[in-house]
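Next come two complexes built around subunit A: one with subunit B, the other with subunit C.
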Partner chain A sequence: MTEKMKWSKLYLFFVFILLYTPIFYLILFSFNEGGTMNHFTGFTLEHYSTVLQDSRLIQIVVQTLLLALLSSLISSIIGTLGAIGIYYVKNVRTQEVLLNANNILLVSPDVIIGSSFLLLFTIVGFQLGFVSVLLAHIAFSIPIVVLMVLPSLEEINPSMLKAAEDLGANGFQILWHVILPNILPGILSGFFMAFTYSLDDFAVTFFVTGNGFTTLAVEIYSRARRGVSLEINALSALLFIASLLLVLGYYYLSIYSRRMKKVKRGVAE
Partner chain B sequence: MNRLLQFMGTVVVFILLLLGVNLYLSHSSGAATSDTLTIYNWGDYIDPDLITEFEEESGLKVVYETFDSNEAMYTKVQQGGTKYDIVVPSEYMIERMIDEDLLHPLDYAQIEGMEHLVPEFLDLSFDPGNQYSVPYFWGTLGLIYNDKLIEEGSITSWADLWNPEYSDRLMLIDGAREILGLTLQSLGYSLNTKDLNELAEAEAKLSELAPNVKAIVADEIKMYMIEEEAPIAVTFSGEAADMMWENENLHYVLPEEGSNLWFDSIVIPKTAQNISGAHEFISFMLRPENAALNAEYIDYSSPNQTAIEEFIDEEVVSDEQFYPNLADVEHLEVYKNLGLEYIGIYNDIFLKFKMK
Partner chain C sequence: MTETIVTFEKVRKEYDESTVLKEVSFQLEKGKFYTLLGPSGCGKTTILNLIAGFTEATVGNVLIDGKKVNEIPAHKRKVNTVFQDYALFPHMNVFDNVAFGLRMKKTPKAEIKTKVEEALGMVRLKEFANRSIVGMSGGQKQRVAIARALVNEPEVLLLDEPLSALDLKLRTDMQYELSELQKRLGITFLFVTHDQEEALAMSDEIFVMQDGAIVQKGTPNDIYDEPLNRYVAEFIGESNIVEGHMVSDYRVAFAGYEFDCIDGGIPSSETIDVIIRPEDLEITSADKGKFVAKVDTQLFRGVHYEIILYDQEGNEWMVHSTKKAKEGSTVGIDFDGASIHVMRKNESEADFYKRLDTYTEILEG
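Entry: the complex of A and B
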């Protein structure tokens, strides 16, 4: 191993320590008997049992996940179609205007998006609740998806589209068999970006929740007024482990499917 | 193209799964009826067992949502897209909501147990005759100090804050009415004064406090005091109870000159759907045994006389800092709505103080 490699590894190690220390610190204290984050006094699983018994908190977690999945699914469909639309605009000027209009939504502060949604729902007389939050989340996720999908659209070789056309494919067939498979990675990353944005959004949700519907972020914020209890630590630890398992599962699944493909190919040969 | 369909299929399956769990949870957590009671309360401000008990007793399903500030709550109720049956604002916000006609008057034919409440806490200026509100918790503004850093018993009044010994050792909460109010009270004036001479005097006195102030902070005060970052702080009694629970060196003092008396009370907004259920909930919370359970869970002072006398732990109730003899402390005053002009004057004085 060269000297250079060593330093870069050390640097990488340092960055990961920096990123993960707060999370492990939080998880460590979820086992604290003392009831606060100040001193570690002893080991207990008590906070975990309170989380599992707190059916309201669990329901909030479920609703938060449901909201994130639904909003990212719908926004990736709308966003992908939108990106294809922008891609097909012939006039470069118009294309730029559309793209900038998209980016403005991306950089405008959440607080402004949230409060303007609240105003809109008020004027229209729309009930606050799950649907209002869902609509708001879809709205702020669409620009993200568009931004993630556009680069992979631009990577498509235009002669491929021409070829499909020449061979007699209609519009739908081109979309389904040529465009979509080529931009799949973009759609997936758009979906996951939208998912994480929706999952940890606070500001927009804060304005448009109501009538008993809350997300985890808003609930934790309301509870923090009286000091964050270790129950929240325990819940975060559980969520962290769940996402870790999800990532690991995805990793092994992709390795497995790659192997399966190789095996199939081997048989065919 | 199979992969995209596969992926979307998986997501949809997950969504359906979560929908099922959600449905199961909302059915198992409450009664099977479709009648609901929607409660909008401060975060972590009720004993969850009481909600379960109320659901079993009334057959109503409770939908519980929380807020973190009066202003956030006000926005949600005022904008009209919500249908809360029960809300628990603080007294100044109740006055404002009454003025703006956002509250539903209470029907005392449907409420049982008003006789349990401490008589001094009824018919106050923010809601004359308790037409709209029933007290939920109450408390005072006072001082909290750490006996490791300050000799025990050496602080008894607001005037002690001006002691030159405490240079750079004081933490104040960030509230114009609170800080100016305690200054007025230390001078022997009302904290609702509209006398400009008194206010000018208070402004001068307040500027003398500046060298003692270490920081003006909000909710973080709790953490700082527990961590012993400062020896003395001005805070609310409920917050103080939390801090003392975490750090046994802390003591709460209700100042001799008097204090602000605050309330969080139950009200029914105009937009409520289940008016009779809301009344039922108020009666349920007025029952002394329930009020006592709640007070022991939250650690705030209960306004329920019967609960105080019969149900709450003797040791808690005998603590004069949290359950003062109301006759002894003459100057326990409730904030009055001063009107925009005077609120502006109060804020300006406090802002000038903060700039120093």
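Entry: the complex of A and C
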């Protein structure tokens, strides 16, 4: 028993080492005085100050965040309505077909989605730029939102919807007062998922971005191609810390809300 | 005097290939407590859904207050439902749950407040207004659901097995509360259940259902004392049902003997079912009883002993007695001729009541 436990712990440790070593390696060299990834010669914060002074880079960060925010917001709205639409399809086979059509978009390679969007925009004669990237991001985010919202829709007690109708609520009132408040957790997780997907998307963006507009992922790629600069390490380290903070914030928020729920329950008993 | 509130005119309901309701016709009068009683799948919930507007009749008309409502959607009907699983809104507190219907109708805020408080008072939950639904007990949730329906002042309140999820003690309490509430408010209640005790305890009238049709309508007393056939008798209460045959009017033979009874209008020597309720049978000494039987087993039920006996022909008899019997002993079974109820096989409800009327009158006169 204990022998087994030991091995499983060791295995877990190994897995996490494997996952995190490259990132820590990257972060370590962001403090390297030497300017290359070959030898660690001394500690410096120079690369960080370069990042913070690079106004182009800062602008790209803002652009990327704006893009992620807008695309996830819009795709949350469209995706939620889409999920409700699929939920209300009475015919089981049609429902399955719709769901599978949604999932195919989810698993199809980014390269295919990106190139097909490029093709579409070129044929239509659409100017490549912020809007084209936004449209593409919305498009690949919608299936994610649909997939996140559907389970919470299925958790809704159908007789609750019947009760709402029975109490005089029309279709819109049922949607607004009963369905939406109950699937809000699903919509929120769909939103965050879409946000992160948009934030770190490279392939699709790479295809449909024009001359004037670029996102962080594309920028890092093009800079990395030009040659290794530890500025990128510094930027990656900052991003890693930011996402770490996000995860921690989400964790404490969920603990807090769970505790609030418990307090409420305690009152009721 | 009595006004009809709900009318079913030859309503039939089919889902795909299967018929769940076959040409059902009935009327519900204002201010009465009705119960639809039957096993699951007999179509009782379908009747409820037809009145509430969740489903449409395939053939026939549903009328509420004299108006045909076949095409009127559920949210426009003056009918409210209490669901089996309560169907409360978990994201709202008690007050908001009850206020939901009024808010949907854009009732002024002040009026909502008074009406909701009144409704919560009716179900004795006034102090619970700000509580969350999560964490309430089953009985409390049930009462919120009732208040939520009643606050809309429906003309008919539909209750879909609302007590089935509660434990026995609470269920009995709620039976009292419901029937009291109904009497006080004067709203027509249509209660669906498969529990015969619930039906007997609360209803003004019971509709016993079987396979999508109403088998027998009547007051709890009528149905208990004079069940139409074996199905109704077995569904309502404990009963001893044995096969026998008519000798002549007011004379019936079963268990190897002939007895006086109060039933007539049946051709002699016709095979019939005889029912005697276990509480109408009495155990005496072997020489005093109307027939003898051997005590097989007995169970202590608290209020009484439930004793199972077998007569000479091998028929099983159940007796409810406050006195203990000795297992394996041979005893006499005594009963009053009036407690014998004779049921013809395949008799229609109309014929049954007609026969009952003619023959009971003669006897009483």
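By our rule, the second predicted complex is superposed on the first by the 223 of 269 C-alpha atoms of A that agree within 3 Å, B and C clash if a C-alpha of one lies under 4 Å from a C-alpha of the other, contacts with A are read in each partner's own complex, and residues count from 1 in each chain.
Here, contacts are C-beta pairs under 8 Å (C-beta built on N, C-alpha and C of every residue); 3 or more make two chains touch, one makes a residue touch a chain.
Keep in mind it's a predicted model, so treat the numbers as computed, not measured.
*Asks:* For A:30, select first, second, both or neither according to whether it touches subunit B, subunit C, the two together, or no partner.
*Replies:* In the superposition, A:30 touches no partner, neither subunit B nor subunit C.
*Asks:* Just to be sure I read the superposition right, which of the two partners does A:223 touch: subunit B = first, subunit C = second, or both, or neither?
*Replies:* first
*Asks:* Under the stated touch criterion, name the partner, subunit B or subunit C, that contacts more residues in subunit A.
*Replies:* Between subunit B and subunit C, B touches the greater number of residues in subunit A.
*Asks:* Mind working out whether A:182 is in touch with subunit B, subunit C, both or neither, as first, second, both or neither?
*Replies:* In the superposition, A:182 touches subunit C alone.
*Asks:* With the two complexes superposed on chain A, say which partner A:55 touches: subunit B (first), subunit C (second), both, or neither.
*Replies:* A:55 contacts subunit B only, not subunit C.
*Asks:* Is A:141 touching the first partner subunit B, the second partner subunit C, both, or neither of them?
*Replies:* neither
*Asks:* Using the touch definition from the top, say if A:166 reaches subunit B (first), subunit C (second), both or neither.
*Replies:* second
*Asks:* Is A:122 contacted by the first partner subunit B, the second partner subunit C, both or neither?
*Replies:* first
*Asks:* Could you say whether A:210 touches subunit B, subunit C, both of them, or neither, answering first, second, both or neither?
*Replies:* After superposition on chain A, A:210 lies in contact with subunit B alone.
*Asks:* By the touch definition at the top of the document, which applies to A:157: first (subunit B), second (subunit C), both, or neither?
*Replies:* Touch partner of A:157: subunit C, not subunit B.
*Asks:* Which subunit A residues lie in the overlap of the subunit B contact set and the subunit C contact set?
*Replies:* 177, 181
*Asks:* So in the complex, which bits of subunit A are touching subunit C?
*Replies:* 157, 159-160, 162-170, 173, 177-178, 181-182, 261, 264-269
*Asks:* Would you pull the subunit B residues touching subunit A in the complex into a rising list?
*Replies:* Residues 1, 3-4, 7-8, 11-12, 14-15, 18-19, 21-22, 25-26, 28-29, 36, 38, 42-45, 48, 63-68, 72, 75-76, 79-84, 219, 222-223, 226-227, 242, 246 of subunit B touch subunit A in their complex.
*Asks:* Please output the residues of subunit A touching subunit B within their complex, sorted ascending.
*Replies:* On the subunit A side, the touching residues are 35-36, 38, 54-56, 58-59, 62-63, 65-66, 69-70, 73, 118, 121-122, 125-128, 132, 176-177, 180-181, 184, 187-188, 191, 206, 209-214, 219, 221-227, 229.
*Asks:* Over in the complex, which subunit C residues touch subunit A? Could you list them?
*Replies:* Result: residues 52, 54, 73-76, 79-81, 83-85, 87-91, 100-101, 103-105, 131-132, 134-136, 148-149, 152 of subunit C touch subunit A.
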